[in-house]
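Take this structure first; my questions come after.
So that you can tell them apart, the chains are marked A, B, C and D in the order they are listed, and the count of residues begins at 1 in each.
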Amino acid sequence: MTDRAPLLDVADLSVKLQVGGTELHALEHVSFSLGYGEARGLVGESGSGKSLTLRALLGLLPPNATVTSGRMTFDGAEFDLAGTSRSKRRRLERLRGTGISMIFQEPSVALNPVIPVGEQIVDAVMRRDRMRRAEARDYAIHLMKLVGIHDAENKVDAYEFELSGGLKQRVMIAAAVASKPKLILCDEPTTALDVTVQQQILDVFTDLRDELDAGLLYVTHDLAVVSQLCDSVTVLYSGNVMESSADLRDMFDAPRHPYTEALLRSTPDVDRIGRRLYSIPGSAPSLDDRPRGCPFAPRCEYRHDDCEEARVPDKSTSSGREVHCLHQVQQGVSRVALTKEAR
Amino acid sequence: MTRRKTLISAFAIVAAASMAACSSGSGGSGGAAGKPQSGGDLVMARADEATSLLPSVPTDNSAIWIIEEIYSTLVVPAQDGSGVQPSLATKWKQSADKLSWTFQLRKDAKFTDGRPVTSADVKFSIEQVQKKSSPFAFIDAVITKMDTPDAHTIVFHTAKPWAPLPADMALFANSIVPKDYGGKSAQEFAKHPIGSGPFKFDSWTKGSRLKIVKNTDYWQKGTPKLDSVTFNVVPDSNTRATQLSSGQIQINEYPSNSSIKTVSKTPGLKFSSFPSSEVDYLGMNGSRKPLNDVNVRKAIRLAIDKEGILKSVYYDRAKLAGPYLSPTTWAHNDAIKPTKFDLKAAKAALAKSSVPSGFTTTITISSGDQDASAEAQLIQSALAKIGIKLKIKSLDPSALYSAKGAGNYDMAFGLYTTDIVDPDEIARFGGTFSGGVHTLYTWFNSPTMNKLADKASSGSDQASRKKDYDQMQQIIDDNVPYIPLFYVPGNYSYSSKVHGFKPGATGNYFLEKVWLSK
Amino acid sequence: MLRWLVRRLLLAVPVVWGVVTISFVLMHLSPGDPARTALGEKADAASVAALRHQWGLDKSLPLQYLDYLGQLVHGDLGQSLYYHSSITSLMWQRLPVTLVLIVFSAILAVLISVPLASRSTTKPNGAAALVVRLFNAVIQGSPTFFIGSMLILFLGVRVAIFPAGGYPSSLGSRAWALVLPALTIALSIVPLLVRGLRAAMIESYSSEYVTFARSKGLGTGPIRRRYVLRNAGISGVSILGIQVGALASGALVIEQVFAIPGMGSMLMTGILNRDYALVQACTLVFGLIVVVVYLVTDIVYARLDPRARLS
Amino acid sequence: MTASETTLPVIPPSAEVDARGTGWAPGWMRRHNLQLWIGGSMLGLMVLAAVFAPILAQHSPTEPDAAHALLGPSGDHLFGTDNLGRDIFARVVYGARSDLTIAVVAVIAPFVIGLVFGIVSGYFGGWIDTIMMRLADIVTAFPFFILVIALVFVLGNGAWSIFVAITCVSWVAYARLVRGEAMVLRNKEFVAACEAGGISTSRILLRHFAPNVVTQAIVYAMSDIVMNVGVIVTLSYFGLGIVPPTPDWGSMMSDGQQFLAGGYYGLTLFPAAAVIWVSLALSFIGDGLAHALRIER
């Protein structure tokens, strides 16, 4: 962690979704920040708004989504995410590829099936440096090798459907790092992969972090992945930030938000084979009947009457810890043995 | 020949041709505009493609009118249709026993390949037409034998005294081709036909254009004036009209009736009607009930408002028909007047018939023929007033031919024209039961008609022949096997730069007399 | 690839045979008689019978059918009764004209459809899309002959830019004269093409690979060209291929209207005059064109879309 | 690749020509499925006009009146009169009767045949599919109008012939569409489950396949009706359509064309407008249905 201003600071991000005839508040006042070279995990169940957050940052929301509020500071520059004017969108678009790039969850649909994968890396390369296509191609091969594709010379002209899932994801990563971005957004890049391949990809990320010195915003529902890869973590639930910590360890060791705690308890752990896993009672609220107060309240074990009444104030504490809860868990009820593996 | 109205006219997308530049103003050109000029290429647009340039094969006007330009016949019809004039033959004479005709050929006539035209060529040509599969075999059937005493004399022996023979010889089918087609097969010859007419065949792009060029060796010196004539196939009547007004073509062969008004208002364009032997009629199948009842047929004739049809469908460009022989022939009986439209009389006639309160019947029209459709609807509404329910059915032209041939219809429109200037052909075609045609497919059969026709064709005195024909026309008028509706002229729209264009009553263009002003 | 080609060609044989057989049966079943049509109303029954005999029409139908198939197998399309010449030579004159017309209209159809589809995709629910959609519905509702006549009326007469039909002999003016007929034919398939392309483009636009491309910072232009149009174009090729039948059908009507001496007008003449062999030959050739175009479409499709491998 | 099984090109799913309405309308039109309403009312209006033609029309649609030929639009003759002096408005509304009836009825038989064909072909596959699709290929390889014209030649003019001709040709589109859907369904787990559960084939086809594949076909039917109107109109233009004097838009349009020259546009343009009106209506209905039936993505 450095003292200088953060690489990325997102404040008050709210996104509205138009589904059928109704408007849903998919993200509400989400804020977090990320230092240079830092890796932050963005954790939550599906539907919590993690992916939406990432897409909002690049202006890549689906047509039925609108940013209603949100500011972003990236590398010293201010951006109004809610801006719809052409110039504002342009500024954000200019960031793509050069400053921020993104890795998608499903490499098989995110790669164009009718264009060779190498060319799709070249597209990204050309974005940053004006070079001849042949050079760009060589560079693409280099990148492919960098992400662990050994026979890159053969694979560069292959099509998406000719590659395995792991290779596809490596290609995506190669394309994402091609323009030497300062920030890489990862949208569950390993979820669609086999467990064995998952680990290889995670290794690629770990290696790349050292190589590139890029910030990493890593969306996942898998706490184990977060613990392995990230420095800091933000927990989302139903479009709201529940708890956020600049130090992953802090939060994992002592979760203060009941949701975080529940999440940790429901994570499988090799040390406790045979024990029954905790499962959070109830189910995540649908976006259109979210409670007025804390969204987690209906499922919360520590619920008080006032939880359902009013919005939760930001109970930030020092040392980058931020908890949105009226009745924080004072001591970690269960100490979860999730340890960051020593490298 | 039979003018064909085909489905093609259905494709007529009327695009308003002339209308672009059409302001009002007196149309037409100054008729006799100066001295005939030589040179120029005349372009004519027509609806159909010629089928074959072998004289003994086609029945379609598109082919016939070209054949008449590239071949010569022994004699040609006078432009006014009154008789025949010398062509390849300079003199002809019937023998005393009236059983043969002798023709003297001119000596300066040559085929375009340089060979002289001889009596052997004539004999060969007529033999081709006599073959069973030739459509005009019936015309030459009367010829039993041909003699060629010398190269320039030919003698036709006839089975019976046959006055119309010279007129028969003017028929396009009897055009003179080189003997044995100059040593080629008929099919080869048809690709590059050789004749002795004013023009010679130049090129033929099937489906698109046929070009004939001036025959510089034509025996009639000083003709033709034109360097060449091109016949373009343009099925759509409106496209033809547009091309005429834009100067792409000079003559539109089949202008639609509805375009009369606009064309005649356009400066630089003319619309002219030339006398033609065409008669449009309504045929009734007398082999079917109740149309076999003459009172029914008379009632129908009385109930048809011909004047209304003339106005709405023919735009007044035709004459109400009386007798079945048209005024273009000397045999026309002008004592017979067109029947007056009279619903009361029609009802009275029907009351005397086997179906006094009316009946249901069908009229079959040629599909895509919009004029026929309009006409049928007018008749339908008229007949409804006397209790006859008329249903309209349409068949494509080919199917309609077959239906008529098989007697498989109630009522149908038809038209006939004569191919020869003598009234014999058409008097028989429209009046006698012979030859499988069954009196225009009406199954009207009167032995008297046959006798009269034979008598007329064997007599050589025109006045006595006329009497026979008058009587034939009276019989048809009394028995109403079909109703002659209109005498229809040949309509052409053309550029006023075209001079001397005066098609004959039998259709011949006489293009050797046509010239173009600059 | 070769195996595939051979297999496809073999599969086409029954199809072509079916086409020939159906047209044989239909033509011979329809009332009307080529001999009577050729000889006219005045010819007597004996002449008609003689001509029927000369043309072999007095044989039994199955016999005529077998004769015809035998001829075909020897590559002989037979004689045209109407044109009195060999159908093969007629075909050599007419076929190129129609092929040029079809290709020309296919090109025009693409040139019209792509911008329209593209325009209505960028803002799928905007005003432009609505306009394109209304245009589509209007064109789809207008019969070809009506479109042709309106085009002649306005572009051939009112604003006399194009000749109102005809087939000039010089190449330049011929190409110019073909614009209106080709446009008319093209318009008949534009609605389907626009709809199909548009669906494919929307699918492409909302696909993850386009989002990924955008995330890489590619601009609207390159994305449209390299991603959307390329992917949608592949299905466009298929739609175009399938519509070749419609183009051929359109040529049939339009050749008459614009006085173009192609296969369509010849086929129509053949039908009207019961020129059996000519009609059969024309449908056979039309069928072959369709089969071949489908084949080419699949080959092109496979070239464009690496996922489709010709096995 | 399926290409080896047919002589037709492979159709990518997105190109399943216009069966899936991909949302053409502005949001406000889609919200309450306004498209369906707009299309429905446009068509409804035409149907009402056809039903109440005798009340709406002041003049007979068939009775010629030579004295009043080729009049322009006026209070008495809303759309003017044609060359035989008949009221064009009356002819247009009466024309709706014949044209709409035939167009709609002529969809039913191809729909049913195509559905059965497609389901059977898609479900069973194998040689049944091969034979059936080859049959479809033959029809496709025929120029559409040649087949229709030839059929009408054989059968003679009239509504019945038009039905038969259209049916012979247009079942193919339904069959292909349904076959494609059925092939997708065939591979779904529930089919295997049904088969494993001993449910009879006919029951599987009837209970599970038919309802699932029918929606696409219904939406396609809307544009098929438009095509049928086009076919009827074009047949009339060839003189092979509805027999006069029954008013019919096609013959009105083709008969009227020759009068465009003289500046009498009404004869052609009013029936043309009616045809286009119906086409627009059905296009809205088709997209609205697609939306309602959730075929739309």
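Remarks
As a convention for this text, a contact is a pair of C-beta atoms (placed from the backbone, for glycine too) under 8 Å apart; a residue touches a chain by one contact, two chains touch by 3 or more.
Because the structure is predicted, anything quoted here is derived from the model rather than measured.
The chain occupying the central position, as judged from C-alpha centroids, is C.
Averaged C-alpha coordinates give centres for chain C and chain D that are 21 Å from one another. Inter-chain spacing, taken between the CA centroids of chain A and chain C, is 54 Å. Taking each chain's centre as the average of its CA atoms, chain B and chain C sit 38 Å apart. Shared interface positions of chain D, i.e. residues touching 2 or more other chains, are given as 153, 237, 254, 257, 260. Residue numbers of chain A whose C-beta contacts span two or more other chains: none are found. Contact of a single residue of chain B with at least two other chains is seen at positions 7, 11, 13-17, 19, 238, 395-396, 399.
Chains touching one another, given as pairs, are A-C, B-C, B-D, C-D. Of all residues in chain B, only 7, 10-19, 237-238, 241, 256, 258-259, 261-262, 308, 311-312, 366-370, 373-374, 376-378, 380-381, 391-396, 399 touch chain D in the complex they form. By the touch criterion given at the top, residues 124, 206-209, 211-219, 222, 226-227, 230-231, 234, 304-307 of chain C touch chain A in their complex.
Chain B meets chain C in the complex at residues 1-2, 6-8, 11, 13-17, 19-20, 49, 51-52, 54, 57, 59, 132-135, 137-138, 187, 190-191, 205-209, 232-236, 238-239, 242-243, 246, 248, 395-399, 401-405, 414, 416, 429, 434-437, 441. By the touch criterion stated above, chain D contacts chain B in their complex at residues 62-64, 66, 69, 83-85, 153, 156-157, 237-240, 243-245, 251, 254-255, 257-263.
Only residues 4, 7-8, 11-12, 14-16, 18-19, 22-23, 26-27, 29-32, 120, 124-127, 129-130, 132-134, 136-138, 140-146, 149, 153, 192, 195-196, 198-200, 202-203, 206, 232, 234-236, 238-239, 241-242, 245-246, 248-249, 252-253, 267, 271, 283, 286-287, 290-291, 294-295, 297-298, 301-302, 305, 308-311 of chain C touch chain D when the two sit together in their complex.
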